[in-house]
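Two complexes are shown next, each including subunit A; its partner changes from subunit B in the first to subunit C in the second.
Showing the complex of A and B:
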């Protein structure tokens, strides 16, 4: 993963700053960097979103395809995640360099969404046991400046909000076989309920405190971090300790509590923003990638 | 290849017939088959030093979960490009035998196994004194022979015993414990049916699985993974319960390690 090298003196400077609740860019310990979100940025997708969080840029595209439901859950569709670490972000990702990070990120996403409440998978079913919608969620990292997990999850929530799946109808032909009919009206589509989609909050332990939304420099000072994905109701769908250090049980409790608080407060403004953006409709000025 | 078009061909992908069992057959998770209480761990059997070629090895059984682990190294680092040479490197390889699960797996390492390898590495790393092994790597290979739930937790314990058996310097042994939260009740050290049980069918609240790795003497948590949908207070309780579970099993593993040491270097007879 893209990493920066810091001298001991620089590390001490950051750690002491965090101790006094003051970070390099003037933020407090539980503040996010400036965040910009734009949805509907790629026309060939069914839903897309781009987020820039500080200098971290993530683009998410969602494509819906018709597939076969899994035999264990015949009346549900499913989501597939793929994270691509583009060589644009850092030269280390060239070739297969970003593969390990990509697999780690996508596995985490599977875990975050591995529950029945995040996305209503039953609404993705077309005919039980035969056809369902498969949502391919493709994440592209364009620029890495720390906190990939949080940026990625927010972008996915925005992209799922933006997703429009065409309505299909099942009809039987003369021979008794089933046929799928696509609606003629391109605006006749189904929306997903994204209310329960969780957002990931990563807390990095620095010294005796923890910070939210760590930059690469701050990450270099921390030996262990905790990733928590929180829904708008404050329930936790995934927790993972990351990094090569260990943590005191008490600090884990503190961090989960802080993660819940921060994560919960993330959802309402995000949803408001997404609805506001959508209400602008066609009048909205597109910013795109140079914004 | 020519084939008989008159013959009805089977589906391209084969499925286990067990997948089509009626959901009513899944056992109630609260009963625990009347054998143990919800907070009880399964009895474990642990032995060290069964693979003679390896530097250290361990075998662990908990109920029907059977795990074997071997440790090789420290040896010279293979890829010298990335990591700094002041500390050693721990390499973990987690594999599920193809016949270990209900559904047959592939021999090639899948994404689930890669994920488990990463989780295992993160849990073990804080316990090993890697700075004592500059320019070298230590390989940990874990093979699950039979999967009856809580594999990651037991793999962590098994791997740390193998490391200890191999004489790798460690701060502390790393013990794992898993938990399955089902509404208000929680099941410690779940079996495979309890692990996925009615979660597959249920939309209930407070469902989830937690796996914790603990350094018992230092009282530090070296690994934590949780998934599902749980309230935060449930999660903290689950973490505490898992820590209790680790401490319960600690004497068993201590005995196994002492036994292994005595076998390797028998005390002088007087």
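Showing the complex of A and C:
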């Protein structure tokens, strides 16, 4: 990822700031930057969302296609993730530069989201063993300013909320084969239950404390971070340690607790916002990318 | 703990009535706009000839010097001039020179012979000095320097042969567009609010706690790693957010504008300054005060 270079003195300044619970931009250790979320920004997807968190910009688009269920779980649909690191975000992503990061990000997203506890995968089934909906979740990084995972997970949750899948009916034709019939009414569609979709909280260990929503500068001062995905009830669904440094058990416990607390508190404002946006309907002036 | 989420709002730019004379003499152009179809003019930077019409290739302000027409772009890399004060970051240590990232098109060069080494100004640079270069400045270190000369390829040669320049210690770097920094007699300010600022001409602004005594400098290469007090930190963080607010609204940066912005931000919490509506309010107040100050 886009690395920033800092001098020793700058790092010391940041570390002491975290110790005093006053970060460079005046935030406390558990504060997020200002977030702006908009859904339904790409018209040719089934669901989309754009989030900007500080200067991190992420666009998520979801396309539903009919596919074959996996043999092990014949009565469930599934999700596919692809993360595209645009060279707009940083010149290092040009060519194949962002590929490794993209694969790493999409693998993590797959682990966090593609299970029946997060998304009701059964509702994606059309006919067991034969047809199911496959949700292709495409994430595009437009700008990187740290904390990609949290931004991506929130955008994915918003995009899943925004996703509308057309209703289909199965009918049998004369030869006994099955036919899929698409409803004529474009507004006759199914929505996903996003209640249990988790949000990811990344906690960076800086000095003896940890912070959420680290900027690139803060990331440069931290040796290890813990990624925790938390549902609205506070259930932890996935934990991953990232970075080269080591963490002692005590601080892992502390970070998990803090992650749970912060993660739990992300869901309520997000759902409120999504509901509010939906209630505004067509009246709302779309901002999109040039606002 | 707080997570602020909201819908993006359409940004409206409010323009204040500016003094009439400053508005008249500015010709602003966008790329592709015809500046003049009169063939009597010479083509300068930021322009091209489109079938005998002089056309702008960048967005910015038109500058005329006799027959020469240039367009000075609003958003640009740093075009250094001799005497400019800059803040830069060392990216490489080479033979007898440091490479310094300074927001210009090419990395700037700081020669070993144009720095003040500890222990007297007039000293021959020996082979030992060359070997110990990394002890003075290493990769990632921030320095303040002055542009000494410009090479033929446009790269800048820097010098730090004054006690006010040299390695920078603890503080915060804010990066803004170089065209937002106003050229002034001095770019080093000890602000009244309790922090100091270096407004680099290259758009890199360094905020640091005001040093206690001015004479300590052990050749400028000693940096204190003592914790900065919380009150100083608060001032620096507030100033940082104010600078970002001013640059988001394209207000020229100089000591007065920064100080006015700081004062009008005092009614808000530090972290709230970066919210769009608070930012707008503060900047509007600052601009208002600057206009009153002008009259």
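One rule holds for everything that comes next: the second predicted complex is superposed on the first by the 289 of 291 C-alpha atoms of A that agree within 3 Å, B and C clash if a C-alpha of one lies under 4 Å from a C-alpha of the other, contacts with A are read in each partner's own complex, and residues count from 1 in each chain.
As a convention for this text, a residue touches a chain if its C-beta (ideal position, glycine included) is under 8 Å from a C-beta of that chain, and two chains touch if they have at least 3 such contacts.
Note that the coordinates shown come from a computational prediction; the quantities given were computed from them, not determined experimentally.
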### Query
Quick one: subunit B and subunit C on subunit A, clash or fit?
fit
### Task
Answer with first, second, both or neither: which of subunit B and subunit C does A:114 touch in the superposed model?
first
### Task
Applying the touch criterion given at the start, work out whether A:192 contacts subunit B, subunit C, both or neither, answering first, second, both or neither.
neither
### Query
Touching A:13 in the superposition: subunit B (first), subunit C (second), both, neither?
second
### Task
Scan A:245 for contacts with subunit B and subunit C and give back first, second, both or neither.
first
### Message
Is A:204 touching anything from subunit B or subunit C once the two structures are fitted on A? First, second, both or neither.
### Response
neither
### Message
With both complexes overlaid on chain A, does A:72 touch subunit B (first), subunit C (second), both or neither?
### Response
first
### Query
subunit B and subunit C, closest CA-CA distance after overlay, in Å?
10
### Query
For subunit A, what residues appear in both contact lists, the one with subunit B and the one with subunit C?
none
### Query
So in the complex, which bits of subunit A are touching subunit C?
5-10, 12-13, 16-17, 19-20, 22-28, 30-38, 52, 261-262, 265-266, 269-270, 273, 276-277, 284-285, 287, 291
### Message
Show me the residue ranges of subunit C that touch subunit A in the complex, using the header's touch definition.
### Response
1-11, 89, 91, 139-142, 168-173, 223, 225, 227-228, 230, 233-234, 237-238, 240-241, 269-271, 273-276
### Task
State the interface residues of subunit A toward subunit B in the complex, per the touch definition above.
71-73, 103-104, 106-107, 111-112, 114-118, 224, 226, 231, 234-249, 252-253, 256-257, 260
### Task
Please give the residue numbers of subunit B that touch subunit A in the complex, ascending.
15, 19-20, 111-112, 114-115, 118-119, 122, 125-127, 200, 202-203, 207-208, 210, 215, 218-232, 235-236, 239-240, 243
